[in-house]
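So that you can tell them apart, the chains are marked A, B, C, D, E and F in the order they are listed, and the count of residues begins at 1 in each.
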Amino acid sequence: MIALIARDLRLAIRAGGGFGLGLAFFLIVIVLVPFGVGPEALQLREIAPGILWVAALLSALLSLDRIFALDYEDGSLQLLATAPLPLESVSLAKAVSHWITAGLPLVIAGPALGFLLNLAPAAYPWLILSLLIGTPALSLIGTFGAALTVGLRRGGLLLSLLVLPLYVPTLIFGAEVARRGGEGLAVQGPLLLLAGVTMGTVALMPFAAAMVLKVNLR
Amino acid sequence: MIALIARDLRLAIRAGGGFGLGLAFFLIVIVLVPFGVGPEALQLREIAPGILWVAALLSALLSLDRIFALDYEDGSLQLLATAPLPLESVSLAKAVSHWITAGLPLVIAGPALGFLLNLAPAAYPWLILSLLIGTPALSLIGTFGAALTVGLRRGGLLLSLLVLPLYVPTLIFGAEVARRGGEGLAVQGPLLLLAGVTMGTVALMPFAAAMVLKVNLR
Amino acid sequence: MSIWDYANPKKFIATTTPLVPWFFGLAGVSLVVGLIWGFFFTPDDFRQGSTVKIIYLHVPSALMAINAWLMMLVASLIWLIRRHHVSALAAKAAAPVGIAMTLIALFTGAIWGEPMWGTWWAWDPRLTSFLILFLFYLGYVALWQAISDPDTAADLTSILCMVGSVFALLSRYAVNFWNQGLHQGASLSLDKEENVADVFYQPLLLCIAGFVLLFLALVLLRTRTEIGRRRIRALEMRARRQEVRA
Amino acid sequence: MMPDLGDYAGAVLSAYAVSIVLLAAIVVLSVVQARSVRRRLDDVEDRDNG
Amino acid sequence: MTLRVRDLSVARGGWTVLEGLSFDVAPGTALILRGPNGIGKTTLLRTLAGLQPPVSGEIEGAGDDVAYASHSDGIKDALTVEESLAFWARVYGQDVPADIYDAFDLGDLRHRMAGTLSSGQKRRLGLARLGVVGRRILLLDEPTISLDRQSVNLFADFLRDRHLGQGGSAVIATHIELGLDAPVLELAPFAAQAGAAGGSDEAFL
Amino acid sequence: MTLRVRDLSVARGGWTVLEGLSFDVAPGTALILRGPNGIGKTTLLRTLAGLQPPVSGEIEGAGDDVAYASHSDGIKDALTVEESLAFWARVYGQDVPADIYDAFDLGDLRHRMAGTLSSGQKRRLGLARLGVVGRRILLLDEPTISLDRQSVNLFADFLRDRHLGQGGSAVIATHIELGLDAPVLELAPFAAQAGAAGGSDEAFL
């Protein structure tokens, strides 16, 4: 499993636009919003937590279809399926490398970009925390969606439509944590819910993804 | 050239998530923003033109790397390059089919989604008009970017990075038209600029894209 | 002997190596003198107060940020038309210097904007196109790095450079097209009426000269580095190939 | 010695600081790169001749 | 362990393509599958590899002992030859045998990115993978595609000396002569009758 | 028109791989390229097709008269066999000859999506494309990969009777025997010397 994560990370760094693409997209969204909305500082501050979370979600969504598609097309996935590694581990490894390449950079870059949107100072720690807790769920759910649609026609479209509803709770709680943090309100409630969602996906998604992969490889 | 457009449209409809993917993404962004930002009607109204344009831009960006990548990988692009069709026409055809699958749906769906963001009533015609004039530029610029990065490592990331600055003028003028339209101000200035940008790209981009494709196919 | 002989890598290195220290020295002298003169020995402006001192950094760097791109444009065109490798490498070498200049202009402009316009950033045409130019610089460097074949990289980046030139020119002349921006118009024009006062003018000219010389020195040095990299690559390729054949 | 910068001392000084740091950075970077390439090139040339 | 197939039917795209197949492949032996394009060689191998379920019949002795090599090699352009082999070895919990590079004439290419290999060189890398996975039964789908004569011989030597010679076995679908001394199974007689429905269509016929 | 190559050198990945090649291919004749994996067959064909510039030397008579078929067929999984051929015919401004399906035994597969074809069937479709483009000089890179014996013969017949027989010509890189009566060009003697730099490296040596 570690071998697979290491390979995927190496591939992501070397090629295929994995590493950094999500981050670039995140940055682009954040930079574009003032272009489109106009740069009034107060208005930006109000929408900042929401926009940051929406951007994080979009940039995670963006790279989902690469999780399995490349390996499917060049035959690696077939070979992995006949290898001694169980497909559950394959799915988990894929989710982990997706998170490292697409989720972690968002957590790190979040604050810097918050600055561009004039985020309230008090919101920074909560933004980071909510991203840190929430993004793994995005990767795990996405891995399941990618497994579900690998090799399908119209895969990309389906993937976004399938994954989106599953993403909404994470988005809502995540943005809520950052907003309340910024306004100095209690954040415990949404924070616990956010953590709960992530726990649930960790427990379920790898298995669901493996089942679905097995069917799609037939 | 028509044959190529027809083929690409057919492929987009049958497979590969071309058709509708951009639209779904557009919709997703628009739906997510109120989730993230909160549903205060007036605030939404103010940011609506900007968000709509940012979303349109993102959803165009999203499908850019498919413009040439699939044809490159399966060898079609090489075959097209040795076919009697000049590469300029190939690029233009690709831009046209990208626009039909990714741009036109946005123009049509724009008003419906403006509703979700509580767009000012007076802004609707201007939103449609600005999308209609602006989205072809997005497709043409994107085709150039896709040609520039086809077959490259880290193609996707580079693609966004290269295309983004070129998109900014379209975004600014497009959003400006919609905003001014909504506030009842004169829109002629930004509208002319928007049209100018599109004209410029129509005149230049297919040639630039063809030059670059030739280099990349070497 | 034609000027194109200098496009031969060896000839280029032989000619420029003795020049580089001179350029660096002259650049250093004019920068130090110009900046010290400007910082310590010029009066405050009656409207801008002491912030006027930022002009000695902002104007030369903004000027060079745009000039660097135009120089890259010329070098790229020479590469595309005559295929002289040194030319392509000079363009590659200039980009990071251009990025540094752009960053300086952006920072100093933003710092200056806060007291002058009451905001550190505005979406005015000149500023916007300058920011886009900055993004183009990043894309240009990233494109060079992403392509392993040097000739392909040179071709593609040259074309990108041509496209980006639109924004380089816009950020210089946008003020003339739209008369609505916040940003100053030409303050160094030959028209005496509009010129900055002489007290500011002389050190400013010296600083501009310093930035130009520094740019030249850096570009020559970096071009030599790039030629060296390319030569290492070629030699290693040949060595590896001889191994395989043996 | 130090001129009176008035209210804008912070702005002016930080502008100078940022610029000088950036200028120094690009110069140092260029020199370091030049040196390391020079060294590698010497290595490779030695091997090539030897 | 012997691979034992009894009365096997396999389906592709909802149709049964082959039916009534029975054969044994003992350790140390290979079986060559022959048959015209589209008869179902790939389908059969995929079924033996466990990637798809058989329509009916039994397969014994495959399970976790097989390694499958398909038309597509699963080679990543951005990994070097060495990295590719190391990756697969790790996935299978094996070490990369030092002599594998010589066995497939990859010595000079060790540090080349797979994306810069010629088609034949790429295929050699794909085949070298079979030498690092440590599996007993190899299922090979047209392994010698785009190989020159000499590389075909290299591969045949590898199979004969290193794999079969050490008690492994192999099922190989190929259209060309490998120079292996192995029985040939002609698949044409097993082509499914027009009436045979594929797995689940049956319920509706 | 005769394809005339004089003193050609070709490079790949910055190295010259072949040098000093000269040959003619007259109308009605074919030339078979032979050589070990990685010698530069694909590179040579790509150069003849105009996809990459030669390092030095001359190519006459190629230009707009050539059709190139590479390792990868450019087949879209989501188009049917018929649609694929119709598309290429339109791009080349030709009609699809009615008998092309028979010539490549694609009659039964006409309305199948290319994605559901077996590898050999896919290749037959890729080759059938050559029958609809109406070009005089075919540049074929290992055209018979994954074809069974019978399909190889079908293809050889097509080449002999329909293409060469009507004044076309062909340059074919292949490792197997096609059964065509054509001269063979062994490329090994033209492998570039170790000293030869690829195109642009020269300036830096």
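We take it that contacts are C-beta pairs under 8 Å (C-beta built on N, C-alpha and C of every residue); 3 or more make two chains touch, one makes a residue touch a chain.
Quick caveat, the model's predicted, so the values are computed rather than measured.
Q: A-E versus B-C: which interface comes out with more C-beta contact pairs?
A: Result: the pair with more contacts is A-E.
Q: Shared numbers divided by all numbers used: is that above or below half for chain E and chain F, i.e. same or different?
A: same
Q: Could you please state the distance in Å, as a whole number, between where the Cα atoms of chain C are centred and where those of chain F are centred?
A: 48
Q: I'd like to verify one number: the distance from the centre of chain B to the centre of chain F, where each centre is the average of its C-alpha atoms, in whole angstrom.
A: That gives a centre separation of 37 Å.
Q: Whole-Å distance, chain A centre to chain C centre, using C-alpha means?
A: The answer is 38 Å.
Q: Which residue numbers or ranges of chain D touch two or more of the other chains?
A: none
Q: Which chain C residues touch at least two other chains?
A: Expected reply: 123, 231, 235, 238.
Q: Among the residues of chain A, which ones contact at least 2 other chains?
A: 14-16, 35, 38, 153
Q: Which residues of chain B touch chain C once you look at their complex with the stated criterion?
A: So the residues of chain B in touch with chain C come to 144, 148-149, 152-155, 157-158, 161-162, 164-166, 168-169, 172, 204, 208, 211-212, 215-216, 218.
Q: In the complex formed with chain C, which residues of chain D make contact?
A: The touching residues are 1, 3-9, 11-12, 14-16, 18-19, 22-23, 25-27, 29-31, 33-34, 37-38, 40-41, 44-45, 47-48.
Q: Once bound in the complex, which stretches of chain F touch chain C?
A: 13-15, 194-195, 197-205
Q: Under the touch definition given earlier, write down the residues of chain C that touch chain D in their complex.
A: Within the complex, chain C contacts chain D at residues 31, 35, 39-40, 44, 49-51, 53-54, 57-58, 61, 96-97, 100, 103-104, 107-108, 111-112, 114-115, 214, 218, 221-222, 224-225, 228-229, 231-232, 235-236, 238-239.
Q: Flag every residue of chain A that touches chain B in the complex, lowest number first.
A: Checking each residue of chain A against chain B gives 14-17, 19-21, 24-25, 28-29, 31-33, 35-38, 43, 46-47, 49-51, 53-54, 57-58, 61-62, 65, 153-161, 164, 168, 171-172, 175, 179.
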